[in-house]
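The letters A, B, C, D and E name the chains in turn, as written, and every chain counts its residues from 1.
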Amino acid sequence: MNDFSSAFTAALSLLASGDADLAEIIALSLQVSLGAVFIATCIGMPLGAATALYKFPGRRTVVVILNALMGLPPVVVGLIVYLLLSRMGPFGVLGLLFTPTAMVFAQVILIVPIIAALSRQIVEDLWREYDEQLRSLGAGPLRCMATLLWDGRFSLLTAVLAGFGRASAEVGAVMIVGGNIDHVTRVMTTSIALEVSKGNLAMALGLGMVLIVLSLAINGSAFLLKESGLRKHA
Amino acid sequence: MSEALQNEILPLEIEELTFEAGGKRLIKEVTHKFRAGPRTVILGPNGAGKSLLLRLCHGLLKPASGKIRWCGAAADDPARHQAMVFQRPVMLRRTVAANIDYALSLRGMDRDARKVRVEKMLESTGLSRLANSPARVLSFGEQQKLALARAWAVKPRVLFLDEPTASLDPAATHAIEDVIDAIHKAGTRIIMTTHDLGQARRIADEVLFMHRGRLLESSPADAFFERPEDEQARAFIHGELLWWDQPETRLQ
Amino acid sequence: PSKADEEKFITLASTTSTRDSGLFDFILPMFTQRTGTQVRVVAVGTGQAIRLARGGDADVLLVHHRKSEDAFVADGEGIRRYDVMYNDFVIVGPAADPAAIKGLHDAVSAMSKIATVKATFLSRGDDSGTNKKELSLWQMAGTNVTGASGTWYRETGSGMGATLNASAASGGYTLADRGTWLAFMNKVDLVIMVEGDPRILNPYGVIAVNPAKHPNVKVELAQQFIDWLVSKEGQDAIAAFRINGQQLFMPNAQ
Amino acid sequence: MNDFSSAFTAALSLLASGDADLAEIIALSLQVSLGAVFIATCIGMPLGAATALYKFPGRRTVVVILNALMGLPPVVVGLIVYLLLSRMGPFGVLGLLFTPTAMVFAQVILIVPIIAALSRQIVEDLWREYDEQLRSLGAGPLRCMATLLWDGRFSLLTAVLAGFGRASAEVGAVMIVGGNIDHVTRVMTTSIALEVSKGNLAMALGLGMVLIVLSLAINGSAFLLKESGLRKHA
Amino acid sequence: MSEALQNEILPLEIEELTFEAGGKRLIKEVTHKFRAGPRTVILGPNGAGKSLLLRLCHGLLKPASGKIRWCGAAADDPARHQAMVFQRPVMLRRTVAANIDYALSLRGMDRDARKVRVEKMLESTGLSRLANSPARVLSFGEQQKLALARAWAVKPRVLFLDEPTASLDPAATHAIEDVIDAIHKAGTRIIMTTHDLGQARRIADEVLFMHRGRLLESSPADAFFERPEDEQARAFIHGELLWWDQPETRLQ
């Protein structure tokens, strides 16, 4: 049990020391996962909303696929991105393997389905209410989508946060495509995995606590933003 | 009604219209021609199918069989020229003013023109005071007024109103009736439902009477109220058509 | 740093044992200081490391499985293999020592004893250099472990560190390379049981990836790195790396 | 690129061969992830609903924490469970480490926050509609919760599926607490990780495809159940 | 009204009741005592605060200040003895019958008794035919009837009705008025709002007149309709209180 207390001490002293390496790792973690969430939101939300709204043939299949892809195994995604970006792969010439860009890319693939599937559910529930009214007002499909995403934004935030949770906690994909290279692609989760494999469990736990605190901070800010928005727009 | 204000998408012809949902036939072979001009009021007991008929005509529901045809000159894009006020108003999650503004923006009106029009609409329905309140906290009557303002704002050629004054106070009811009259005079075709027979008498030029999904009678208003041809219609205007008492057979 | 400096780096594919032991953290800064070239280490399983190099995604390969290394060169994927250093494997186990092997110098008979009493043994089971060495020991001991898999013989299918964590938590024996073992911090009550058997040496080789196959590789910088590793300076640096006063790797470049 | 085609071949031949080892791994994977989802649903849904309904002090903090814990790093969770169940840990005597039970336990910790946070959002949206009506009918807090969970069940299914996605794709936690021991705790994701570390990418991809097909099958069945339910209960 | 049917939780006293939301004071110092017995009808223009007042009395909203006191003998658990029909009916996602059954189960009634009661309620409101339809697809009027059936089913001692007949057809309106009368005769205290002045005259024993969040007048019904004391109330019953025309000062 004193692993936990030494982890706590490790976490505190890590944070207190203002260690430059730790700061670098935290910055890269945030950059990668927030970048991935941003891009995935831009793709996943319209995708989810479109699946909720449009009555195209095969719509139900798409719904099932999106739901199923919430369970994309990170290692497999990492592998696919690796094969694509590898020197022998189709995009090898770009030299993106083992760069933060590759990590963002892999995470986008992982979380687009999460954001899309959850958005679909939320937009679909809202659409049941808005459907006839919006069509009566003459809103075309694109405009309907935009309206539903806007009016549902406070609920949709939870979908985005679920995506962020997955991105910030994820280690399998970023490990493969980033390579966990010190000072280049090392992020919080890969550092934790490294400390575990060194048997330095207290440090691993300490880093884990730091990561959870980061996540709390981001979720807390999102919540405050939402509350102030809700107050204004009911 | 001046030549210039002629209604471009009318007449609307519906033919043998049927609608089914939940395994039931809810609208049964309704045939009618809505010409430009008169105000139509659809009457009938609860659950007769009035709201369904309006939504079918407005293009929100797909009929199981039968035809809905807009036969006017501008009938290639009839949706642009219609608007509807629903029985259960749906307010977008924004302010009162933004709700109207949204409808206008969908018709491609520019920002300045929208602003003017929104203000005019709010004034006409007495909602100016609430312009910046979130629409969803309004009282039910206020929401109904806002729904009317929003529909009317886009200057539709055909306006469907589903019990537009059901929750309005007496004065507002009269005011809105005046508004409806003005809209009509400006050339917009009014097709509405109401349970207020007094209102029906005041507004209607033509009355459709529905019962259990069927259109049982369509007559000029005067004729309808003086000597309705249909037996049920007669019972209805005397407030005696308690249809759940009646066996299905009486409909035949 | 100027742009040119930033560009000057090579990617080294290696195994977790070299990284987890802390060797790279110790010697690479010396190399960088001398040459200005950064070394980006991707530490993965031996198989994956070779796969990375075969894909042209690394410039240099540093692993410890002689057969695979020779095959790599023979296939024309690498230019030439250089000896760099070696360390040795040790059998570690819980202090209670249910198989009573502590102090033996014969790894093979130690393995037999473990099999006889069916004491828990954690195998990496990941086809790594360590795993292959372990399997050859079982073979010499005449024990068929595949049949026992899932009972007292447990294949963790993971890296050295993870396997040591599993041993520590369940009180089992395992074969580990000395480097990882010395640097490992979650020993709990594990101690070295068997060491010093010449059959369990662990030689590392370094190979530059062949630019003829992969034009993108930075062959000059790669060669510069190899040259440094096998130079006196590099070899001294390896020899100087110690944990708790113990030397982890023996330089052996010719 | 021929990695992909050989992966495809690998996947097909794996499935066609009816390999007993593969069947064992698939069975254990399903057992662990479905077991974890079941338990996490029983805990997470009421938790989410309670957070949506009850106005207790600190409610907003709980909301933020639940959202943040969607980003619990699997490796850290694995580590904590490892420390608890390890020989030297407080529950060491139970001998649960490196058993499927331990894996279920770790996954439950991982996905309870996901199911709870998403359920909270969905129940909260429904509650806005039901609130006054249910209170007027005299429903106590517990009854309100039950009613909202029941009436929202079709939307809540998506939350459960998100949890299932995380559980079935997750490798970090089950690797640490399960140990990926052949014939004992080896599941699909840990097998994939193993194949990757062996450099056997085609096999890893092939297993990945099998896993995704499994996930599709489960999501497809869930969807069909939901559709038939929706038809009946509108 | 017999001794046995005496209303156990009344009287209800509200004192200096204020309610605020969205930064506005929406109910302003309302004081009134609802005694057992008479039927109360609350009148007032849209947005006057009628629905808010009902929800405050029913305990759904928390007042900003002021008191709401149930002073009857059984007043320790007043919630159990009240029911309300909302202006915008909320239907649970189940069948029509199950909606009523749900309300009954909350009062702990056993399965068999529930079944009987549900059937009786459906009959009285003419919904038997729809018993197994999902409640949310009903027409608006049907939903309003169901909401009434659901509220009435639990035999409340006090029944709040927020425009219960706004969307009902004329015959149903009369039928429901009869039902309300029967409920009243059976000892249930009726407190309702309506915009139908005819209905108010037919039902009310006591009238409360609200305007802009204030209770401006409370009088016996006869007195109110013959010679309302308040100037606004007079305008209101003549259908002339278009309050958005009036400057705020006229209220002072």
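In the analysis below, a residue touches a chain if its C-beta (ideal position, glycine included) is under 8 Å from a C-beta of that chain, and two chains touch if they have at least 3 such contacts.
If you're wondering where the values come from, they're calculated on a predicted model, not measured in any experiment.
Student: Give me the chains shared as neighbours by subunit A and subunit C.
Tutor: Chains touching both subunit A and subunit C: D.
Student: If you tally C-beta pairs in contact for every chain pair, which pair wins? Let me know.
Tutor: Per chain pair, the contact count peaks at A-D.
Student: At what distance in angstrom does the C-alpha mean of subunit E lie from that of subunit A?
Tutor: Going by mean C-alpha positions, subunit A sits 50 Å from subunit E.
Student: Between subunit B and subunit E, what is the separation of their C-alpha centroids in Å?
Tutor: Taking the mean C-alpha position of each chain, the two centres sit 28 Å apart.
Student: When you check subunit E against every other chain, which residues touch at least two of them?
Tutor: 22, 134, 137
Student: Out of subunit A, which residues touch more than one other chain, so two or more?
Tutor: 89, 196, 201, 234 - these are the residues of subunit A that touch more than one other chain.
Student: Which residues of subunit C are in contact with two or more other chains?
Tutor: In subunit C, the residues touching two or more other chains are 44, 159, 162, 165, 168.
Student: Please list, in label order, each pair of chains that touches.
Tutor: Once each pair is checked, the touching ones are A-B, A-C, A-D, B-E, C-D, D-E.
Student: Along subunit E, where are the residues that touch subunit B in the complex?
Tutor: For subunit E paired with subunit B, touching residues are 21-22, 44-47, 51, 87-88, 126-130, 133-134, 137-142, 145, 163, 166-175, 195, 197, 235-237, 239-245.
Student: Of all residues in subunit D, which touch subunit A in the complex?
Tutor: 1, 3-4, 60, 63-65, 67-76, 79-80, 83, 89-90, 113-114, 117-118, 120-122, 125, 155, 158, 161-162, 164-169, 171-172, 176, 188-189, 192-193, 196, 201, 204-205, 208, 211-212, 215-216, 218-220, 222-223, 227
Student: Any idea which subunit C residues touch subunit D in the complex?
Tutor: Answer in residue numbers: 44-51, 125-128, 149-150, 154-159, 162, 165-166, 168-171, 188.
Student: Report the residues of subunit A in contact with subunit B in the complex, numbered from low to high.
Tutor: Residue list for subunit A touching subunit B: 129-130, 132-133, 135-139, 143, 147, 151, 233-234.
Student: Please give the residue numbers of subunit A that touch subunit C in the complex, ascending.
Tutor: Listed in rising order, the residues of subunit A that touch subunit C are 86-89, 92, 95, 97-98, 179-182, 184, 194, 196-201.
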